[in-house]
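Step one of this worksheet: look at the structure below.
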Amino acid sequence: MGVVAGKYGKEYYLKMVHEHRFPQELWRELGARSLFGFLVDKELGGYGGGLPEFVEATRMLSYSVATLAYVFVAQNLVSRMVAKNGDSEQLQSLLPKLMVGDIRVAMGLAEDAAGSDALGVSTSAERVPEGYRLTGRKDYVTEAAHVDAIIIVAKTRGDVRAKSLSAFLVPSSHPGLSFTETHKMGLDFLTLYSVGIDATVDSKALLGVEHEAWGYLSETFALDRVALAAMLNGVSARLLEEACGYARMRVVFGRPIGANQGVQFPLARAHTELLASQALVDSVAKQQSTASQSFAADSVAAFYHSAHSAYEAADVALQVKGAKGYIEGFEEACFRDIRYYRIGPLSEELSLATIARRGLHLPS
Amino acid sequence: MGVVAGKYGKEYYLKMVHEHRFPQELWRELGARSLFGFLVDKELGGYGGGLPEFVEATRMLSYSVATLAYVFVAQNLVSRMVAKNGDSEQLQSLLPKLMVGDIRVAMGLAEDAAGSDALGVSTSAERVPEGYRLTGRKDYVTEAAHVDAIIIVAKTRGDVRAKSLSAFLVPSSHPGLSFTETHKMGLDFLTLYSVGIDATVDSKALLGVEHEAWGYLSETFALDRVALAAMLNGVSARLLEEACGYARMRVVFGRPIGANQGVQFPLARAHTELLASQALVDSVAKQQSTASQSFAADSVAAFYHSAHSAYEAADVALQVKGAKGYIEGFEEACFRDIRYYRIGPLSEELSLATIARRGLHLPS
Amino acid sequence: MGVVAGKYGKEYYLKMVHEHRFPQELWRELGARSLFGFLVDKELGGYGGGLPEFVEATRMLSYSVATLAYVFVAQNLVSRMVAKNGDSEQLQSLLPKLMVGDIRVAMGLAEDAAGSDALGVSTSAERVPEGYRLTGRKDYVTEAAHVDAIIIVAKTRGDVRAKSLSAFLVPSSHPGLSFTETHKMGLDFLTLYSVGIDATVDSKALLGVEHEAWGYLSETFALDRVALAAMLNGVSARLLEEACGYARMRVVFGRPIGANQGVQFPLARAHTELLASQALVDSVAKQQSTASQSFAADSVAAFYHSAHSAYEAADVALQVKGAKGYIEGFEEACFRDIRYYRIGPLSEELSLATIARRGLHLPS
Amino acid sequence: MGVVAGKYGKEYYLKMVHEHRFPQELWRELGARSLFGFLVDKELGGYGGGLPEFVEATRMLSYSVATLAYVFVAQNLVSRMVAKNGDSEQLQSLLPKLMVGDIRVAMGLAEDAAGSDALGVSTSAERVPEGYRLTGRKDYVTEAAHVDAIIIVAKTRGDVRAKSLSAFLVPSSHPGLSFTETHKMGLDFLTLYSVGIDATVDSKALLGVEHEAWGYLSETFALDRVALAAMLNGVSARLLEEACGYARMRVVFGRPIGANQGVQFPLARAHTELLASQALVDSVAKQQSTASQSFAADSVAAFYHSAHSAYEAADVALQVKGAKGYIEGFEEACFRDIRYYRIGPLSEELSLATIARRGLHLPS
């Protein structure tokens, strides 16, 4: 990872942002080194890394390429999910391609009408002779039209909520999928699509056990929170480093702006929060079981805290640069990107509600 | 103003943002009604409005067209400045055109090397037989290449700081001006240019008394703070109204999201802050003298408070809409725009420093 | 009021705090000037002041004697409540004594089991031949054992909530009342009692119409919020003035601490918030109807904002004085006192809930 | 430590607070187990614990007895300082008594006129035939009149600042020391004295090398920050646990208050901050060198963050209990105690300045 992080840096990030394009070169580089199998066991051909190492690698990458590191996190979690839940055919034919990035996968879960209530999605998968008939709409699928395949989460039976979802890996070129693009505040290097679904897929498209997708999706999301937290830590570290460098050398009113406590104190606060976020993420990453209630709550706490400290870091970094911070550039782009992580993949409000209920056992 | 505000609304604002273009239609409409002479005395052909009425009119407009109201504020302050400081020829030939918007004016004060220290600018104006020779660079001039004229502030003598600046009204087509565009996070309907200056202008270009520009610029800026505060109040009111409407009808987990205190409380806080901002702006606008130390401090307090409450309103409005808030649209655009007002025209840090020194008489 | 505020100052406040005693001298002084009839109509022998004047008088007093001004606010609202709702006998015999402070009155509403849900109190008043039999317990009655009479709010009928409460004015020496003192963090000049009630009172003790107390109590509470807000404004102004004075003259590391932005900025922020609170209180005080839904919401907003800004002012004032702020004295005492106003008479949480529901019409 | 923490709990803490007395029984218990030699090497008869274990032990204790754990921290750092810097006689005669608590020691550094500028103290120690003549005043010495000895820090030579201080261990009964008590907001179980000094002491009173006290004091203070941070973590954990318990069972408006997000979210935020503080303290405690610049900055960051999260925890715990939180009791006392740690031993402002300069290398 050191090599990749050394090769692709801030400029590359800014280039992708500026050109509104997917970091194809970075993707290939990561794939060439099988870095999309980071969390996959060695026996299955993966790198066999644990969560602490993944955290470290993610931070190193995001320190260099900022939020582009998202693509590393997202695909790795797909690889791990397939490794843990795939049938033998999927392990043999699909997994190797995921690990080298030959198959790039998007996640199709969220629906506008369900909102934050993921178990309330209404896209359905009905058994038909040919396999499953999928009908519905996924309103927010990152990169949907450009990936090789989409994981479509659908209801395979009625009202049992936590035991009613199944996930299908569907090629994005599959007949019956239609794409409408929407634009957004940041993350300019990723597209966002609403995907209309009216398609019949083979049974082999099913990932894991029918009706049981929520189980492994939840566990994946818990890991995702921790990894995204690490990504945000890396971006924050870079933002603060740049901001301190600027504060040391920018002279206004006859002295470096960094000599003013009005500049020093917000930087010192943001730095302290970042140290605390990092320590929290590290300690959560070391926990044994990743499938427990307490890991679920703690992973959300680590994510919430890191999104918060990253937002603080981006805000102060932008502020320290004044007009130059508001002009298109590193702080400006990171600020727009990081704002997302207060909304998704889990909003601040639902993060706090999760911590309150699962971590503190408060009633609902 | 009621009529104009009725005619141009949120959609118009979004159209300008989307198309990255100046609100020409709104401009003409305001000009047609002489609304750019709002603060100019009746004897000089103006509307003769006081600051309290200007505050009210600005709020009404910004409630409809959000930050587009900036163009109303900016030009009115130019008209007023000319009315108060222009010579008789300027009053006769220039002022009437300003008031109907036939001449649109930009402000060229800030220079990168001087930063927030406006008195530290280095663009100079040297007396020459033909008038003045202006040399230097203004790094952040909103709309520079598209307006009719730019007010260029330059040093006309050495180190006396507060008594060393003069302002010149220079046509943007004047030979010797060169323009480089920069892009920025928000305010997409306004362009931003760095203006290279190497030009000789007629003495008639001088606005007010030589060396004395800082006096009337300061007073103008104090009024500007109050008017921008009012503009931000109007945008906030709209943002919160829309957010409450959304919170009332958006159902997730089986009930309106607005029934959750996690949604209610931030809205209630932002609403309370807005009420306080509005009350503060109103009370400051009613002060008699606009040239005193205490008005200077209080106008900054009103601006600082309103920028703060507007940012809070934009943040919570975006948050309440979740993914829809992050998607291109009203909240998303307002959020990007309002972020600017924590940096300029007076940064939070310098706002607080001004309040501390001029309002609280703390030492420097 | 100017005279009283001139006579009793910070030292008097500190003396009361230190000696843990009720401000008897201040009370007599206010009574001697009939200042407890401030809000009572002239026809009834009162001063006939409106809410804006009451706000001004309260601020002037609290600027001098800090939270001692509570006694001025509390008794005035009792006088007003009696003036508006008393029968002719009460107007003639009771009201005059209230206005000069010959009868001091406490409020007995809150019960531990009901908590913030005032309509959920369980103290009951049953009609009996001699009048009413009152049974129950009021857990938090300020000064209960030392006042002349207590307003006891009790259920006179079943479940109609808003139309089930009646208020009785009961002498504190009445048989059947028992008092248990509790100690608290601040407001050392006021005692707090839990009052056991098992007493039969005359029908004349009834205040206003039976079952209808909630109506006039609510209106009284709305006024109370605004007046307490004004009280908190006055205390804040004094705290900040003292803190700025200290910051100007206290020299550490070779220069006044007030020359550091780390000291300046929190003071400037607190000052700005106070200006905003004051402006908000003033604007709410000017509203016409004090019985409307919107006044209810706005009075809570004014109170919430002022409690917040007062707490900020107390915190920064204490902080600026360092060890001297933590040592017994003005900042230390005010800080402990003001903490109360985030809990009562209406907690922050219920303030926000009220603003959200009544002001913003969010669902419950 | 487990045994001690099991024996002395919340009630013991409240008893000490209520009776305003030093926790003599706890002290003896800790001494009896030689727990005041926690950080002293085994060779010198100590327990030989490292900083991570000390952190753990302190947290365990403060979870039980809250801020009383201060006495454990303070004396242990004195023992360690003597162990590291004492001459052989001190190691033999003094150290053993310190470790069992037979000699209790106070710290006399701060002077009012110097304020936060510890190197600016003016108490002087002049060499005289009998040893040293100490003259000056130490304005804030915790427990001065009740301990066995006071470490008096004095200038032994002129202007070299960091190389001009020496420390003397002086019996509090020594002739020439005079004591004046001051009262304060919290920490009721500890007294505070201003100590007048006009005394001649034996050369043996000198601790460590003459002129070089600042070196070992700084290192001691760095450890002190981390240990106090741990103490604050323990108190926070207890406060939040109690608050959650209360929120689960307290019913108002027909349901547990903990079912309201207005109660849940602040608890969840405070809990998350506490997790982060703990992780940060743990990671700082594990650092190798405790004498480096970076440890100095990080120990301050750990302290600052923990004081902040503890204050948040105390504030929310008090708030959740409503009136019961403001009444004398656990939350009320902890809140008053913890407020101190935003002022001393290192104020928030100087903490941030230290982080900015030593951690972020910003200019001064």
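Order of writing sets the labels: A, B, C and D. Residues in every chain begin at 1.
Going forward, a residue touches a chain if its C-beta (ideal position, glycine included) is under 8 Å from a C-beta of that chain, and two chains touch if they have at least 3 such contacts.
Given the structure is predicted, the values throughout are model-derived calculations rather than measurements.
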Any chain in contact with subunit A as well as subunit B: C, D
Going by the average position of its CA atoms, which chain sits the greatest distance from subunit C? A
Subunit A to subunit D: how many Å between their CA centres? 42
Between subunit B and subunit D, tell me the centre distance in angstrom, where each centre is the average of that chain's C-alpha atoms. 51
Averaged-CA centre spacing for the pair subunit D and subunit C, given as whole angstrom: 38
At least two partner chains per residue is the criterion; list those residues in subunit B. 260-265, 349, 352-353
Under the definition above, what is the set of subunit B residues touching subunit D in their complex? 260-262, 264-265
Over in the complex, which subunit D residues touch subunit A? Could you list them? 240, 244, 247-248, 255-256, 258-259, 261, 263-265, 267-269, 271-273, 275-277, 279-280, 282-283, 298, 301, 304-305, 349, 352-353, 355-357, 359-364
Could you list, by residue number, the parts of subunit C that touch subunit D in their complex? 110, 112, 114-117, 120, 139-140, 182-186, 192, 250, 252-253, 257, 260, 262-263, 318-319, 322-328, 332, 335-336, 339-340, 342-344, 347-349, 352-353
